[in-house]
Amino acid sequence: MYELKYDAEICARCETFDCLTRCQYMDLDLEAAREERQRLLDGEDSLVLSECATCYACEEYCPHGNHPFYLIVERQEERQAWPVPIPLTKQQLRIMEPRGEIQPGEVTPPVINLCAFSMLAGCIRGKLYEGASIISGRDIFCNIMWLHFGKNSVIRERLPRVIDNIVSNYLEPSGVDELICFHDECYGTYTQLAPAFGIDVPFKPVHLFEYLVERLGELKSEIHRIEAKVAYQRPCSSRLIPETEHWVDEIFGLIGVDRVEREYDRENALCCATTIRIAQRDNLADDVQKRNLDDMEAVGAKYCVFNCPACMMGLSGPAAERGMTPILMSDLCQIALGE
Amino acid sequence: MEHAEILHRCFRCGYCKLPGSFQDLNCPPYLKYRFETYAPGGRMWLLRAWLDEEIETIQRLAEILFSCTACGNCVEHCVFPAFKADLLDAFTAGREELVNQGVVPDAVGRYLRAIHSHGNPYNLPKADRARWADGLGIERYSGQEYLFYVGCPGSYDERGQQMARAVAGLLQKWGVDFGILGEEEGCDGNEVRVLGETGLFEQLARENIEKFEAAGVQKIVTLSPHGFDAIKNEYPRFGGRFETCHYPQLLAGLMAKAELRRRNGPLRVVFHDPCYLGRHNKDYLTPRAVLGALPGLELLEMDRAMADALCCGGGGGNSFTDVLGGGADSASRVRVREAAGTGAAVLAVACPKCARMFEDAIKAEDLEDELRVMDIAELVQEHCG
Amino acid sequence: MEEIYQALVRIVGAAYVSRDPEERFIYARDPGTMEPCEPDLVVMPNSTEEVRQIVLLANQMRIPVVPMGGGLVLSGLTRPLKGGMVLDMKRMNRILEVDEMSRSVLVEAGASQGMLQAYLKKHHPGLKHSIPDAPPIATIAGNVLIHGSGHLSATGGFHSDMLNGMEVVLPTGEIAKIGSCATSPYWFSRAPLPDLAGLFIGWHGTTGIATKLAIKLYPDRPLGDVGIFVMEDPELVPGVIHRLAGVAVAEDILAFMANAPAWLRGFQLVNVKYGAETGEELRLKRDLLRESVRTYIDEKVGGFMPLPPEMKQRFLEEPQTTLAVFADTREGGGFEYVGAIMPIALFPEAYRKGLEIAERHGVECATGARIVGLGHCMMFFYGYAFNRADPSDVKLAQEALEATNAAVLEMGGIPWKAEAPAQKQIIEKMDPNTFALMNRLRGVLDPNGIMNPGNWEAD
């Protein structure tokens, strides 16, 4: 059940192997990439299994949408080539397991899904979120994070129950079918990951940034343009949903900030390195973070803007040390609204 | 006894004896007496033992329990989130039990009887309550925007009266629409409550609420943070809900339109956070904002500032009852030594009890040539054009 | 007793002597499980001279003397087992002198851990002392004299190893200087003289009263970091500790295990703290530590867990408040632990014994181990919280502690700051010549047997 929908033939016929040749963390030429991809297809050992930084980028790079990253994760689990030490994975599984404590409740649109990040409830305030309902908790945790741990099996096990929790406890009783995903990861889960595993999502996920664009449009007269340079830390999950990138630029345009062109942005964005550290690869994480922050500093960014709380956890301190203000996109919009 | 269920949970770890920085003892009775019995943990265990009849009800136990100044350092620094907020209430409840049994230190008994009989702890006539306002042209309250609630020290104590006149003077100068109750003003009852005489406190509170409501009072500005805390936080449970502020909070909003001038020469000032504005109500910044706005004033800080402030030792009725006693290790003397150590010439206060305690301490410490006490209103007045 | 009371009043002043029931009640007890033992008097001296006079009086009147610091030893060592007077030393809390060049500080015996920490932060910000996780009112002397350990033990060993010298009042009233201070104006070392400090450390106050101590200080580096290495097989822990400690960059290595929160259950976590002058040095130390356990990481059997910044800050706090907060686990304010000093190789057995005893007695047990030196040994602790208002709960904890002490001794460990019953168990196992030597020394130092009697005595 919930088989990964990938077509081995597509990979076999591929001529570019963008998934591996464009990888920012493995240096593979076309021949090496072909060889390693074939090993993955055949279920054999491959250096990719240990060298993959789990940044999700190859999901974006693949021109065929053939889920090259999800296949890597499948193989990691099959071959027990764990990216993260086993005790840490077990610990995280326990920390994030469903509590079975979900309390049904009525919600009214706009319904904001904070996933497991209940601590961000304070962000849902003011005119930007007027009238919003919030849902959050471990019982509706999207579970996409297990991609970093080589645990597709946990996604298969827990995600369908999470979707059912959301629908039967909140959306169905309230007659609501749209869910605004505060975090990229959730939107990516419900629009890209779930279909890749054949998991049905009977509601309409809305990306937070789409909601913000609409709302900022309605509040246009109240916006005070910030007039500052910003760097955007593109989260790994946005690689699953590159069609949402344009909203980032639209928001920045509306609030009057300049997403200065820099080397490690957009398709060339670097991972925040939080999960690279969890994989015990501190030297790589140091290098990645340094290049990323050097890049942001070089363009004179005043704000380092985040969508993802995990990115923020890993990068906000170093960003602040460089003189940049780390801030969630939502909070930046509220600054523009004077809130 | 209320909160009896938390008494045995105290670990006597001693975090309650110290400020957040651990740098010195910060519980006034423990600082003075040094026996473990006088620390909050000691009081917890003694109360438990007394309720379990393991120790007898005698005067010394009462002295120990009534030495607490209710400064809140223990509440601030206790590391047990499950019950730290109830520590002072537990001590108050213990004192209530002793009051009900008639076992209180003599001075406490006299204090409570004076308030009961005369409406103030000074045993002075009610008719004299508004003497401080003689000649100032302050109107009796008849629907003005603010009731200026002066309280007992402000009404009867010489130092408190000076403060009352300074505050009233500023309010008049800046056109604040206010009045006073004068002879009709009653004791706010804060110390009575803390001392465990809950029946008398309720009576005082209800009488005040009735007077305030009958007069149509909506906004109150207090001279003493003790009164501020009582009216803001305790009166609501008797139905008294008023928009209450302590006077620096009102001054802060008026500073922008004040004409202020630089004094001759810079003035180094250190501010002492009164317990009932600071720890109890978490306002550490407003007085500093007022002082910071005064030209030529250099605002210094003691190491133990804000949530770590060492109480003047006047709370819990001690400024009258003196259960805590004096001596070089008394809180007020330790505090003025600390203030003098900053190099400040002025110790700024926002409470008439603090003012009185510190002026006495400065004399005892022979620091009169180095340090003087001024309340915030007096400092602002000095800088007014 | 009236005569003794009046004499004490003449020595320290009426304000600092008490024979009142309130003081006698409180000073009879500590927050552990031991039964109360009431003193006849509580006295608080303010100088070495006052201590000397008190001791002379005690000898003359044959009244026991029990010195007390913070009273947080938890195993009841400051309860007067045979009555007499408790000397609360905390009035003598002055910090006397800091020698920056030699990195040492001289304090009075009642100086508290927290006050010294605050003093150094303000006046000598480049220096710190090894602070235990006891509450900050605990005294320097109390902790040193029971062989305590703390946040610099991976660097400097036991706190008793960090002692440079002492001033003590002997049980017969003489004042003796111990260490270099006996011959030199400087308190720099116990070497090269015959080391008399051993006559007073670990003796539970039965050989004299320390009135001043000089202890080593260490650099307080501007940057700090902490890594927590997680495993789920206790057999791996000694090897991990051995390697991490062997890098010799850690200031503190502390293993901890608990059943709550649920995500801790079944894991062994080794917390490694280190400091540095620069970011580069910090990363170098991090890398050195990580590489020392590379084999475990590569085999995926252990790894450093991700720490959100606020969690990291909590682990960098000195002292940790978690020890005290554990006391409320049973909503009863009671906590006592067996600290077993033992070789790190015994970790798996010690850990399993803890689980077994907790299950057998139906109690919660928090376990952990502070590493001493470069893994030369560890202080493995078994912590039991209890509800002091429930006698049956107190009894459960007492029984668990007793069983733990027995298990520790059987393993080859030795309970630290052992309560009186456990002392007897230790004596039973002790080399008889060693115990005989202890008794001879005590006989010489304390001919009248006034110093904390009832301790280090066989049945």
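Letters A, B and C mark the chains in the order given here, with residues in each chain numbered from 1 onward.
The rule we apply is simple: a residue touches a chain if its C-beta (ideal position, glycine included) is under 8 Å from a C-beta of that chain, and two chains touch if they have at least 3 such contacts.
Note that the structure is predicted; figures quoted are calculated from it, not measured.
*Asks:* Relative to chain A, which chain's C-alpha centre is the most remote?
*Replies:* Looking at centroid distances, B is the chain farthest away.
*Asks:* Looking at every pair of chains, which has the largest contact count?
*Replies:* B-C
*Asks:* Could you please state the distance in Å, as a whole number, between where the Cα atoms of chain A are centred and where those of chain C are centred?
*Replies:* Taking the mean C-alpha position of each chain, the two centres sit 48 Å apart.
*Asks:* Centroid from C-alpha atoms only, then distance chain B to chain C, rounded to Å. What do you get?
*Replies:* About 40 Å, centre to centre.
*Asks:* If you average the CA atoms of chain A and of chain B, how far apart do the two points sit, in angstrom?
*Replies:* 53
*Asks:* Which of the residues in chain C come into contact with chain A in the complex?
*Replies:* Spelled out, the residues of chain C in touch with chain A are 230-232, 262-263, 267, 283, 286-287, 290, 296-297, 300-306, 308-309.
*Asks:* What residues on chain A touch chain C, complex-wise?
*Replies:* On the chain A side, the touching residues are 82, 84-88, 90-91, 94-95, 274, 277-278, 280, 282-283, 286, 313, 316-317.
*Asks:* Which residues of chain B touch chain C in the complex?
*Replies:* 8-15, 17-18, 21-24, 33-37, 42, 45-46, 48-49, 54-56, 58, 60-61, 64, 79-80, 82, 303
*Asks:* Taking the touch rule as given, give the residues of chain C at its contact with chain B in the complex, in rising order.
*Replies:* Touch residues, chain C against chain B: 15-16, 18, 20-23, 25-27, 29-31, 42, 44, 70-72, 88, 90-91, 112-115, 117-119, 121-122, 135-138, 321, 324-325, 327-328, 331-335, 387-389.
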